[in-house]
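What follows is a set of structures for review.
Here chain A shows up in two complexes: once beside chain B, once beside chain C.
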Partner chain A sequence: MTVRSFLLRRLVLVVPILLGITFLTFMLVRIGEQDPVAMLGGPMADEASLASIKAELGLDRPFFVQFGIYLGNLVQGDLGDSWQSSERVADEIRNRLPASLELLIFSVLLGSLVGVPVGLRSAQRPNGLFDQVSRFVSLLGFSVPTYWIALMAIFVFFFLLQWAPAPLGRLDIAAFPPPDVTGSYLIDSLISGNWSTAYSAASQLALPVILFSIIVAAPIIKHTRAISLEVLASDYVRYAKAQGLRPRTVRRIALRNSITPILTFIGTELTGLLAAVSLIELIFAWGGMGQWGLNAILLGDFAAVQGYVLVLAVFSVAVFIVIDLLVLLLEPRASLRA
Partner chain B sequence: MKKHARLLSGAAVAAVLALGASASHAAENTFIFGAVGTPAGFDTDAWLTGTLETSVNVYEGLTKHGITKDASGRDVIDAATVEPHMAESWTVSEGGKVVTYKIRPGVKSPFGNELSAHDVAYAWERARDRKRVGNFMIRVGRIEAVEAVSDSEVKFTLGTANNIFPRILTTVFPALTDSKVLKENATAEDKWATKWMEKNTAGFGPYHVDSVRPGEGAVLVYNENYFEEKPYFTRVIYREIPSPASRAALVKSGQIHWADQMPIQQLVDLIKDPKVKVDSVPGTGAATLRMNPNFKPFDDVRVRRAINYAFDYDAVSEAVFRGLGERSDSILAPAFGRFYTPAQTYNTDLDKARALLAEAGHGNGLDIQLEYTDNWWWEESLAIQTKDALAKVGINVDLKRIPKTEMNSRRAIGKRDIPFFPHLANAFVLDPGYAFYLSAHSEGSSDVNDYNNPVFDKLVDDLIGEQDLDKAIKLAHDAQKLHADDATFIISDFPKTYAVTVPCISGWLWYQHDRVVWKHLRCDG
Partner chain C sequence: MTDVAVDKSAAPAFTGIGRVLGVARRSPTFAIGFAIVLVFALMAIFADVIAPYGPIETFARQVLTPPGAEFWFGADGNGMDVFSRVMYGARYAFGIAVPAAIIMLVIGVPLGLVAGYKGGMLDEIVLRLMDVLRSFPSIVLALAVVAATGQSLVNVVLVIGFLDAPIFARLVRSEVLGLRSSGFVESAVAAGNPTWRILFVHLLPNSIKGATAMIAVRMAWAVRISATLAFIGVGIQAPTPEWGAMIRQGSEFIISGEWWVALFPGVALVGVVLGFNLLGDGMQDLLDPRRKATGK
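Let's turn to the complex of A and B:
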C-alpha cells in the first residue's frame, strides 16, 4: 500500500468517526440540564422573552432538525456562533488554536527531550540512584495537581523572585504581535526579525512551558523506562551483548528498537494534552483554545463545546496519522496495512 | 506605593501601546482592570460576560441618585433622592401618571450627536421590542408609553403613579444610546443593531469602547464629548485574567490597578497584605436559601419555620463568611433606610425547630435535598454548614452540586422546579417596592422559589403605587413581617462588596448595580 492510498483509506475511515463524535457531542450537550436560554435572558427575563431567545437560537426546533441544520452548516465550514462571546466558533478556533499549539508543542518537545533520555538512562541500571531519583520526580509530575504547581510557580518566580513576567498571556503588554505566519508568536517574531517581541514571547512562554513539560515528562519517563527495560531484556540485545559488542553499540541497538513504541506513546499522550493544557491556559490568562473550551463547557455554550470537541477529535486523528507515517519512516518493516 | 505607581505607569503606557492605541494617548492616565473575562457584548438587554461591568461606564441615566455621607463619613448613594442628570428637569402631571423630562443640552455621544428625546424614546422602544431586561423595567415601572414631545422633551405615561419609575431612570436599563449611530448599523435582519453592539458602543456616558480582543481584553477610552467633569482615568485596559489567584498576584505586584470579583479565600489573605488596598461596603443582596412551597415537605409552613430555627446563623457568619459578611435580618437590606424593619427573621432555636417538626409529623426525622452550584463563592460552604446544622434536629440534607447553567435554567420563570437551593438577588433599583417585587412577588423575575401569596403581592403592589411616605413605610413593614412568617427564605448574611486595588486608588463609590464606576477613581501617589 502506498502512502497516498494509506492516507485516502484513513480519511475514509475518519469521516464516520468524526460524524459519530459530532452526533454524540451534539446530543450530550443537549440532554443535560444545561440551557443557555435562561443565562442569555438574564435574571429579569419573562416567559415571552425566554421563548423569543429560544426561537432565536433555534432551540425550539426538534432535535434532529437542529442536528441536520448543524451538519449542513458544518460541511460549509460554519460551526455556528458562540452564545457567550458572540464570535463565530470557526473564528474563535482559528484565533485561539495557535496559542494552545504553541504552548503544547514547546512543552511536549521539552518534556520529550528530558523524559526520553532520563527514561533510557533509568533503564540502564534499574533501582540505581539515578533510577530512584527519576522515578520519584516522575511520580511528583503525576501526582501534583496542575493548577497547584502553576500557582506556586507564579507565586515564587513572578511574585517573590520576579524572574518570570506577569502571567498576562502570550506577550508582555508592551509588545506587538508579530505578522502571522505559523501562529506561534515566538517563531513568527523570529521570522520577522522582531527581536523584542521574540524575547517577550519567549519570556511569557518559559514558565508555563517548563511547568507543562514536567507534566508531560512524567509519563514519558515512566513509559520509556518500561519499554527500554523490555528491550534490554530481549533476546536480540542479550545476543548482542554475548557477541561482545561495546556497551555503546548495545545501547544504540536498544534505542533503535525502543524508539517506535516511545514515539507512539508520545503521540498518544499528545492527543490528550491539548485538552489538559486548559488549566495552564486559565492560570496564565493564555487566551488559548483550552481556556475557551473549558469556559464553554462550564457555561453550556453549545456551539463552542461542539466546535471544541470536534477540533480535539480532528487533532487526535491527525496526530495518529502523522505517528503512523513517522513509524513507517523509522521502521520500514512496518506495514501501512497494519 | 511609589513602586506600585511606577510599575503601573510603565505597564499602562505599555498596555496602551500594545492594544493598538496611538502613542499620543500613552501619557494619559490609564486604568488597568483585571477582569474575569473579555466583554462579549455591550447591550444591557443581553447580559454576557463583562456586559454590566463595562456598560455602567458607557451609559448613564436621565436621572441619578444623590450622594450623601454614611456614619463613617464616606460618600454613599442616597436611595431617597433622585436628581437631574442627562435630563435637567422634569414635570409631573395627572396625579403622577405623566412625567415629562427636559433633556439637558450639550450631552453628546463620542460620535458628536447630541442626546435628544428621540434617543430616549428609541431606547424604550428597543427594550419593549427586545422583551428582556428593559422590558422587565417597563412592567415593574408600569410604563405604558414613551413619546418624544419635541427634540428636547420626552413624555412617560404610566399606568399608575409609582416610586419605582423615577429610580429606573437612574439605571442603564435600558441603555440610552445614540440612536442615529445604532440606526446606521442596523440591518434588515437586525433592526436594533444588536450584532453591532457586541463589539461597539454608542452611549452618552464617560467612556466608549475603542477595541476588543477576544481572549485578551478590551480598551475603553474617554468620551471627549462627555458633559460632566473629565475623569482622572481617560483610558481603561480591561484585561482578561480568569484565574483569581493570578489576579491576586498581579494586584499585589502592582501590575493591575483593580482585581475584580475576588473570592473570599483570596480576600482573607489580601486584607492582611499591606501592598493591597481592600475596601468594602455592605451589599443590598442577602445570601439566602430558598424553599419552594410547591414541593413537599416545603409546602408545610411549620417545616419551613423549623428549618429557619434549626439554621446555625452564627456558624455560617463565622465559617462561611469568615466574619466578612453582615448578618441580615430582613428580606430588605438596611440600605433601604426607613423602609427596612430589622429582626424580621429567625434566630437559632433547636427546641422550637424540633417541636415544629414533630407538630408537622416529622418527629422521627426528614430527608431533603439541597441543590447548589458555584454561581456565588459562598454556596458550597453554606450548603455544607446547612447540612451540619439541620442534622441536629433530625433533618438529613442530601447535597447535590449541579452546573451553573442548569441552576439558571431550572429557576427561570416558567420552570422553577428546584425545591431547596441558595440564591442572591440584588435590587438594581433602590426602591423597596422594586426589591420586594423582584424577589418575592409572584410576578417577580427573582421569585425563583415560586413564592405566591396574594396578600403579599397586594402589599407590594400597593407599596409601589403609594405616594404617602408614612403609608409606604407601613406597607413595607407589613410585607417584611408577612414574608418572614411565611418563611420561604432562610436569610443568612449580606456578603459585602469588595474593592481590591493597589494602594494609590481612591474615590470608589458603590452603586446598587455592584459594578465599579471608573469615572470616580483616581490614583494618587
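Let's turn to the complex of A and C:
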C-alpha cells in the first residue's frame, strides 16, 4: 500500500465519524431547553413575530429536513450563520482559530519540552526522590483548575509585580497586528521584522503559555514515565544490557523505542487541549475560537455550536492522520497495513 | 518501600490499626490521599458547626473586607464570609462527586458485565458509545449537555454520572472477557446457576478491581468538572457556596487586587481534587503492586 492510498482510506473512514458527530451535535442543541427564537424575539415579542423569526431561522421545518439542509450547505463549506452576530460561522472560526492555535501550539511545545525529559528521568529510577517529586507535581497539575491558577498568576504577575501586561488579548492596544502569514502574531511580526510588535505579542503570550503548559505537562510526565518504564523492562533492553553495552547506549536504544508511543500520546491529548484552552482564552480575553465556542454554547447559538464541535472533530481526525504518518517515518517496523 | 513483596504476603495477617499502618507503609500516596479526603469529608459534615456565619449571610458594611480576625478568609463582594462559604462548599463537592460516582457504577458496571459476558449487539453498542464519547472533549460535552438540559444541581450530577459510566463499562467488560471461559464460570454454568447469579455473584467480585481503583480518580474529575461548569456560569449559580461559582465571583476582583475572594475556594478545590487523585493513584499501587515496581 502506498502512502497515498493509505491516506485515501483514512479519509474515507473519517466520513462516518464526522457525520455521526455532526448529527449528535445537531440533535443535542435542538432537544435542549435553549430557545433561540425567544432569545432573539425578546420578552416583548408577540406570537406573529416569534413565528416569523422561527421561519427565518428554518426552525419550523421537520428535524430531518433541517439536518438535510445543514448537510447540503456543509458540503459547500457553508456552516450557517451565527444568530448572535449574524456573521457567517465559517468566517468567525477562520478569524479566531489562529489565536487559539497559537496559544495551543506554543503551550504544547513548552509542555512537551519539559514533560518528556522529566518523565524519562523519572523512569530511570522509579520511586527515587526525583520520581516521587515529579509524580506529585504531575498529580498537582492534574488537580489544579486552569482558570484558577490563571487568575492567581494574573494577581501575582500583573497586579503585584507588574511583570506581565494587562490580560486583555493578544497585543498591546498601541501595537498593530502584523501582516497575516502563519496566523501567529509572534511569528508573523518576527518574519516582517516588526520588533516592537513581536515584543508585545511575546509578552502577551508568555503568561498564558506558561500556565497552560503546566496543564499540558502533567499527563505527559505521567505517560512518558509509564511508557519508558515499559520499554526499560522489555526483552530487547535487557538483551542490550546483557550484551554489556554502555548505559548511555542502552538509554539511547530505550529512548528510540519510547519516542513513537510518546508522540502518539501527545497527539491523542491535543483535541482535549484545544477545548481546554478556551478557559485560558476566557481569562486572558484572548479572542480565540474556544472563548467564542463557550459563549455560543451558553447562548444556545446553534450554528456556532455545531461549527465549533465540528472543527474540534476535524482537528482531532487530522491530528491522528498526521501522527500516523509521523510514526511511519520514525518507526521502520510500522507498516501501512497496521 | 523496598520490601513490597514481603508486605504483600503479610497483608492478610494485618488487623485493625496494624492493617491501617501496613497500607500506609505500602502506599504513602494512598494514605496521604485518604487523609486529605477525610479532612474534607469532615468539613462537609460539620460545615454548620465550623463555619462562624451562614453561607449566604450578608454583612453589607463589610463588603470586600480583607482577611482578618473577624473574617478569616475575608469577605466577598456581597459581604459574605469567604471562610464559611468555603466550608459549606465541601458539601457541594461531595454532594456532586458521591452521587455521580454511584450513577457511574450503577450504570457502567452491569453494562460492562453483560456486554463482556454476552458479547454480540450490546457489546458492539457499548464499544461504539465509548468511541463517540471519547471523540468529544469532555468539557465541551458536559457543558453542552448541561446547557441544553437545564441548569440545576441535579442535572450536573446526572450528566457527570452518565458521561463517565462507559469508562466503568469498558473496564469491567475487558475483565469479564478474560474470565468468561475460566473454570469457575464454566462450573457455575454447569451447576445450573441463572445468568444473573453468574454475572453478579461470580463475575462481579472478580472483575471489579480495576473499577474500584478508578472511582477515586473519576470522583476527582467530577469535582473538577462541576466546578469548571459553575465557573463558566453553567449549572450552579452564585450565591450558592460552590467553589467554582465562588471563583467566578472572585475573578472580577483579581485585577483590582482583592485576591482572597478567588484564592480560598480554589485552594479548597485543589485540595480535595488532589486528595481524590492521590487516593486513586495509591489504590492502583495497592491493587497492582507490579505497577509500582516495574523497572526495578
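Miscellaneous remarks
Throughout what follows, the second predicted complex is superposed on the first by the 338 of 338 C-alpha atoms of A that agree within 3 Å, B and C clash if a C-alpha of one lies under 4 Å from a C-alpha of the other, contacts with A are read in each partner's own complex, and residues count from 1 in each chain.
Methods note: contacts are C-beta pairs under 8 Å (C-beta built on N, C-alpha and C of every residue); 3 or more make two chains touch, one makes a residue touch a chain.
Remember, predicted model here, so these are calculated numbers, not experimental data.
When the two complexes are overlaid on chain A, chain B and chain C occupy overlapping space and clash. In the overlay built on the shared chain, the residue A:Ala38 is in contact with chain B alone; chain C does not reach it. Contacts of A:Phe284 after superposition: chain B is touched, whereas chain C is not reached. Contacts of A:Phe159 after superposition on the shared chain: both chain B and chain C are touched.
In the superposed model, A:Val29 lies in contact with chain C only, and not with chain B. Contacts of A:Gly300 after superposition on the shared chain: both chain B and chain C are touched. In the superposed model, A:Ala175 lies in contact with chain B only, and not with chain C.
When both complexes are overlaid on chain A, the residue A:Ala254 reaches neither chain B nor chain C. In the superposition on chain A, contact is made by A:Ala123 with chain C only, not with chain B. By the document's definition of touching, neither partner reaches A:Ala198: not chain B, not chain C. Taking chain A as the common frame, chain C overlaps chain B at a single listed stretch, which among 3-11, 39-47, 57-65 or 201-209 is 57-65. Shared interface residues of chain A, touching chain B in one complex and chain C in the other, are 32-34, 151, 154-155, 158-159, 166-167, 282-283, 298, 300. The part of chain C that touches chain A in the complex is made up of residues 1, 132, 135-140, 143-145, 147-150, 220, 224, 227-228, 231-234, 244, 247, 250-251, 254-257, 259, 262-263, 266, 269-270, 273-274, 277-278, 281, 292-296. Residue ranges of chain A in contact with chain C, taken from their complex: 17, 20-21, 24-25, 28-29, 31-34, 123, 126-127, 135, 139-140, 142-145, 147-149, 151-152, 154-155, 158-159, 166-167, 229-230, 232-233, 271-272, 274-276, 278-279, 282-283, 293-294, 297-298, 300, 305, 308-309, 312-313, 316. Across the complex, chain B meets chain A through its residues 11, 13-15, 17-19, 37-38, 40-41, 45-49, 130-133, 135-137, 139, 173, 195, 198-199, 214-216, 237, 239-243, 245-246, 249-250, 252-253, 255, 402-406, 408-414, 425, 438, 445-446. Taken in their complex, chain A has these residues touching chain B: 32-50, 52, 84-87, 92, 95-96, 99, 151, 154-155, 158-159, 162, 166-169, 171-176, 282-285, 287-288, 291-292, 295, 298-300.
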